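In what comes next, chain A is part of two complexes: it sits with chain B in the first one and with chain C in the second one.
And then the complex of A and B:
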C-alpha cells in the first residue's frame, strides 16, 4: 500500500492520524457531555425560570432559590434529615468496618474468606429489596425484631416505623447492615497491602500492640479512610431508596420524618406539582452542599490519596 | 539452654502471652461469628418467606421455629403469583437486557477512550483527562430534574435505551482502564505498529485481550451499580412492560390495597440472588475489582 500512495494522499492520511485520538475519545466524551455536564448547565438555566412539567416557563431570577430556602422549612428540614442520617451512618459504619477488617486480618485465612463473604453480601442486594425486608422485620406486632427483643425481656412494643423520632435511626440501622461489610473490604485490602516488615521492625523495637495500631497501622490506612469517608458521605447525602421504600405507602415515614434531600427534589419535580424550575433550584443547592462537604473532607484527610 | 533463668522467664512470658492471645482470638471469633449471623439473618428470612404462604410470613415466633415440620407448607405458589399476576419474568428479562447491554457499551466506550489516553499524545489530552476525573466527584443525582429533561428531549423516556446509554458514561471506567493500560508493555504496541497494524487493530487485537482482568473488574462494578439502581429506572420507565425488577417491586408494593407480600418476597429473592450468585462464583475478581485502587 505504502509504495503506491501519492504524496497528496499521504498528507491526508497523516492528517487523519492526527485526528485519530479524538475519534477514540469522542464516543465517551459525547456521552459524558450530554448526560453529565449538560444537565448542570441546563439545570442552572431552568432553575431561574418558573418551568412546570413540559411548559418551559419564564425567567424569574432567583425567586426559586429564595422560595426553596425561605418560603417554608421543608427544605431546611430535609437538609437536617440528610445530615442526621449521613453523620449517623458514618459514625457507626466506619469504626466498626475498620475493627472488623482489623480482626479479620489477624485470623486464619480459611475463616477469613467465609466471614468476609458473609459481611459483604448485604451490599449486593438491591436497596428496594432490603427496604421491603426490613419494613417487615421492624413491624410492631409481627416483626421479628420486636419478637426477639421480647425473648431478651427488653421492651418489645416499639412502633418502629410509626414513630417519627425513630425514622432516621431506623434508616441508619438498615444502612449499617447494608454498607459496613462493603467498607470493611476496602480497609481489609489496605491492611493487606501494608508491608509486614514494618511490623517486624516495630516488634523488635518493643512497641506495644496498641501503639503499633495507632502509630503505624492507622496512619498507613489513610488511603482507605479517605476513600471510604468521602464516598460514603456523598452516597449518604444522595440517599433515595430507603426513605421511599422502607416506610409503608411511600410516605417517607410518619409526617415526612425520613424525607431527605433527594426525595425532596424528586417530590417537587415528579410527584406533586411537577415544578421543574423549583426542583432544579433545590438540586443546585444540594449540589453545593455536597461539594462543600467533599472539598472539606478532602482537605482535612489529604487530597493526594483521594484519587484512589 | 533451659538452665538460663532469663530464657525461662521469657518462655513463661511467651506462655502467658499465648494464653491471652488465645482468649483474644476466641473473643475475636465470637464477635465475627455474631456479626456474620446478623448479616445473614435478614437474607435467611427473605429466603424462608419467599417459599411460604402470605399468612405465615407475619407470624411470630417465625413459623420456621417449629422445626422440620414447618417446611410442610413450603411451596412455589408465591413465585407462581409473582410470575402470572405481576409479570416478574418480563421485569427479570428487562433487568438482564439493561445490565448486559450497558456493560457491553461501557466496556467498548470506556476502553476506546482509555486507550487514547494511555498510548496517544494529542493537544488537550490533560484537559480532557482532568475533566473526566472531575466528573467522578460530581453528585449527579442532584441534577435529576434537568437530566430527566435531557432524556425526554432525546425521546429516550419510557425506553430501555434511556437507561443503557447513560450508564456507559462511566468516568471511573476510563480512569481505571487507563491505569491498567499504561502498565502493559509498550514494546508490544511498537512491534504491532512496525507490522503495520492500525490503532483500531491494536486496541481490539492486542490491548483488549491483554486487559481481561481489568475489563472483568469494570464489568463487575457496573453490574452491581446497574442491577441495584432504583432512581434512574423509576424516572425513565413508565410502561409496565419495560419495568426492571426494582421498579416492579415498587409497583407491587404501591398499587394494591392488600400488598402482595408473598409475591414481593419471591421477586425480592430473585432480585437478590442473581448478584449474590455472581459474587460467590467470582469472589476474588469482585473484591479485587472494587478495591484495586486502595491497594495501590
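And then the complex of A and C:
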C-alpha cells in the first residue's frame, strides 16, 4: 500500500517538474498578456469604432485611419515634429555618448566610476521633473539662462519657451542632457568587452590610434550602436512628457510647435475631443511608423545577419 | 398550495426589489472622487456627520487633477468601480456637454429646480456648469477676484493705487514702478502674466464683457470686442511691466518686492501671507480697476463642482443630490469653510454673517471678506460651451506667437478661430 503511494507521488512529482519552466515564466507571461497583448488587441478593436466620451461606439471600419492620414493635417505636422526631434536627438546624443565612453575608457579607473555615475544620473530623474526644472531654467524674467547671459552683458530678455523656432531645439537640448550619459554607459560596457589582445596586435602592426578607432573599435561596437540607435529612435518617437510639461499651459509650445505624435494621440483621446476610437487608430499608425523605422535601422546597421 | 407559495414569494421579491431601488439603502457606500486637497480636508472633517445624516458610508478618494478626466473616462468606459459623486476642477469641464448623452455626469435640472438652496447660488457661478439647457454641477465656490498690491512700493514711486480707476491708468502708473532696472530688467513688476487666457489675462478678459463663444457655443474669436481686448493687452504687455507667472516662487517674489501686485481669487490670496508677516511692506486690497468705466470690477478664476456620475442608477440620484447639496451648502459648514480656507461659498444666504466682515491684519485691517462678497455679487457672466476650454487652449497656442511678434493680433485670432471651429463639427 505504502509502496504504491510512493510510486504515485514520484510519478506526479516528475510530471510536475517537467512544467517547472512554465511556472517560472507564468508571472511574466501573465503580466505581458494583461498589460501588453490585451491593450494591443483592445486598441485595435476600438480603432475600428467611433468610440467617444464614455460610449464604446459602433463599428465604422477604417474610417478613423483614413481621417487621421488624409483629413487631419495635424497628424502630418506631428509626424514632422517627431522626426525633427528624433533626428536631432540621435545626431547629437550618439556621437557625444561614444566620445565620452571612449575618453572614459582610457582614463584612470578611479575617475571613471565617478564620471560614469555623474553622466548617468540625469536619466534616473523623472521626465516631468526634468521638464519643470528646465522650464525654470529657460524662464524669461527669472530663468537662470537669461540671468547668466545678463552677467555676460548679452541680451537677457529672450522668451526661450515662447519662440516657436526654438521649441524642438530646446527639447533636443533637454533630452541631450538627460540621455547622453545613458547611451554612454552602453558604449562603455561594449568598449570594455573588446579583447585587449586585438589592440596589442594592432599596435605591433603599427596601426595609428585613429586607424585603431576606425577599423577596430567602431566595427566591434556595431551591436551597441545598433541597440542604442534603435531604442533611442523608438524613445524619441514616443516622446510625451517634455512637450506636455516643458511649455506653459500644456499647449505643446507656441503655435503647437512641439506637438509630437504621442501628445497628438493624448489630445484626441483624453484631453479635447475624447475620440478614443480615432486616437486608437492614430496610435496604431504611430506603432506602424516606429516598426518601419526600427526594421529599416536594423537592416541598415546589419543587425540580424547570419554573421552576427 | 405550491402556486400560492410561488406567487407570495414573487410578490415579496418585488416589494424588496422596489424598496431597494428607490433610495440608496441603509449603509450604502457612496464613493466620491475629488482632486482638491483643501476640499478633501473639509469633507473628511465632516464625513461622520454626513454619514450619520444620510445613513451611508462615504468613501472619499483623491484623484490627481491632471489624471482626473482620464481616469474617470477609463473607469466609466469599463463600468466597474465608478464613483457616484465627483468633484472636479473648472478646467476639466470638458466632461460636460450640451448633449447629455456625451456628458460624463448626469444633468441635475429636476433637482435644482426644486431646491431652495440652489436658488441662492450666484448665477454667474452656475453659468460655468450650465451647458445648453442642462445644469450639471453644484458649485463649491465663487472665487471673486480682487487686486492685492504692495502699497509701500507703489507709494514709493508716487502712485496711490486707491486713486487708479482703469487698467489703462494702472499700466501708465506701472511704468513708473518698473523704471528702476538691474541688469537691464525691472527690479519691480506690476503684475504677473500667465501666457494667454489664463491667470491675469483671463481675469481681466472677463471684465471686458467680450466673449469667445456665441450663445450657440460656436467660437467667435474674431469679434471686435475680443480683438480690441487682445490688442489692448499686447500694448500693456509691451510696457514691460509684467513678468511671468511663477507658481513656485510667487510668495517669494511678493516677499522680496519683485512683484508689486496681483489679481487674485480667494484661493490664491494667501500667497501674500509670508510677505505680510515679514512686515517690510504694507499690503492692501481693492476691487480690480475697470476695463472701461462702469463695467465690471471683478472676475473669477478656478473653482470646483460636485456632480453625480452617469454610472449611478436614476433612482439613486435624488438621494445623492441631497447629499451633495448638504455638502456644498450646509450653512454652518460653509462659514467654517471660509474660516479655514478663505474660500467664499457661492451660497448668498450666508454672506451677511459676521465672519465675512472681519478686519484682515494682512491688509492693515481692511475687510477682505466684505470686499469679496461685494465682488461676488458683481460677477460677470461668461458664455460657456462644449468647446470652451479647448478653444482657450487654441488661443493660448497662438498667444505666444502674437506675443513674440510673429503673428499680428488679426492673424493670431484668425488661426485660433480656424482651430476652434474644427472642434465644433467633431
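Here is the rule we use: the second predicted complex is superposed on the first by the 270 of 308 C-alpha atoms of A that agree within 3 Å, B and C clash if a C-alpha of one lies under 4 Å from a C-alpha of the other, contacts with A are read in each partner's own complex, and residues count from 1 in each chain.
Note that in this section contacts are C-beta pairs under 8 Å (C-beta built on N, C-alpha and C of every residue); 3 or more make two chains touch, one makes a residue touch a chain.
Everything quoted here is computed from the prediction, not taken from an experiment.
In the three-chain model built by superposing on chain A, chain B clashes with chain C.
When the two complexes are overlaid on their common chain A, residue A:126 makes contact with chain B while staying clear of chain C. Of the two partner chains placed by superposition, chain B and chain C are both touched by A:136. In the superposed model, A:186 makes contact with chain B only, not with chain C. Contact comparison for chain A: of chain B and chain C, B touches the greater number of residues. Shared-chain residue A:271: touches chain C; no touch with chain B.
Shared-chain residue A:249: touches chain B and chain C both. When both complexes are overlaid on chain A, the residue A:66 reaches neither chain B nor chain C. With both structures placed on the common chain, the touch criterion links A:283 to chain B but leaves chain C unconnected. By the document's definition of touching, of the two partners only chain B reaches A:237; chain C does not.
Looking at the shared chain after the overlay, A:201 reaches neither chain B nor chain C. Stretch 235-243 is the one of chain B that runs into chain C, the other listed stretches 37-45, 109-117 or 235-243 having no clashing C-alpha atoms. According to the touch criterion, the shared surface of chain A, contacted by chain B in one complex and chain C in the other, consists of residues 136, 139, 141-142, 147, 248-250, 270, 276. Residue ranges of chain C in contact with chain A, taken from their complex: 69-70, 73, 76-77, 94, 97, 101-104, 183-185, 189, 194-196, 198, 243-244, 246, 248-249, 253, 310, 390, 393, 396-401, 403-404, 406-407, 415, 423, 426. For chain A in complex with chain C, the touching residues are 51-56, 136, 139-142, 147, 150-151, 156-157, 159, 161-164, 248-256, 270-276. Those residues of chain B that touch chain A in the complex are listed here as 25, 28-29, 31-33, 35-36, 38-40, 42-43, 45-46, 49, 57-62, 108-110, 112-113, 115-117, 120-122, 125, 128, 131-133, 135, 137-150, 154, 165-166, 168-169, 171, 174, 199, 203, 224, 227-228, 230-231, 235, 245-246, 249-250, 253-254, 259, 261, 264-265, 268, 271-272, 275-276, 279-280, 283, 287, 290-291, 293-296. Residue ranges of chain A in contact with chain B, taken from their complex: 18, 20-22, 24-25, 27-29, 31-32, 34-40, 42-43, 46, 100, 103-104, 106-107, 111, 113-130, 132-134, 136-137, 139, 141-144, 146-147, 177, 181, 185-186, 188-190, 192-193, 223-224, 227, 234, 237-238, 240-241, 244-245, 248-250, 261-262, 265-266, 269-270, 276, 279-280, 283-284, 286-287, 290-291, 294, 307-308.
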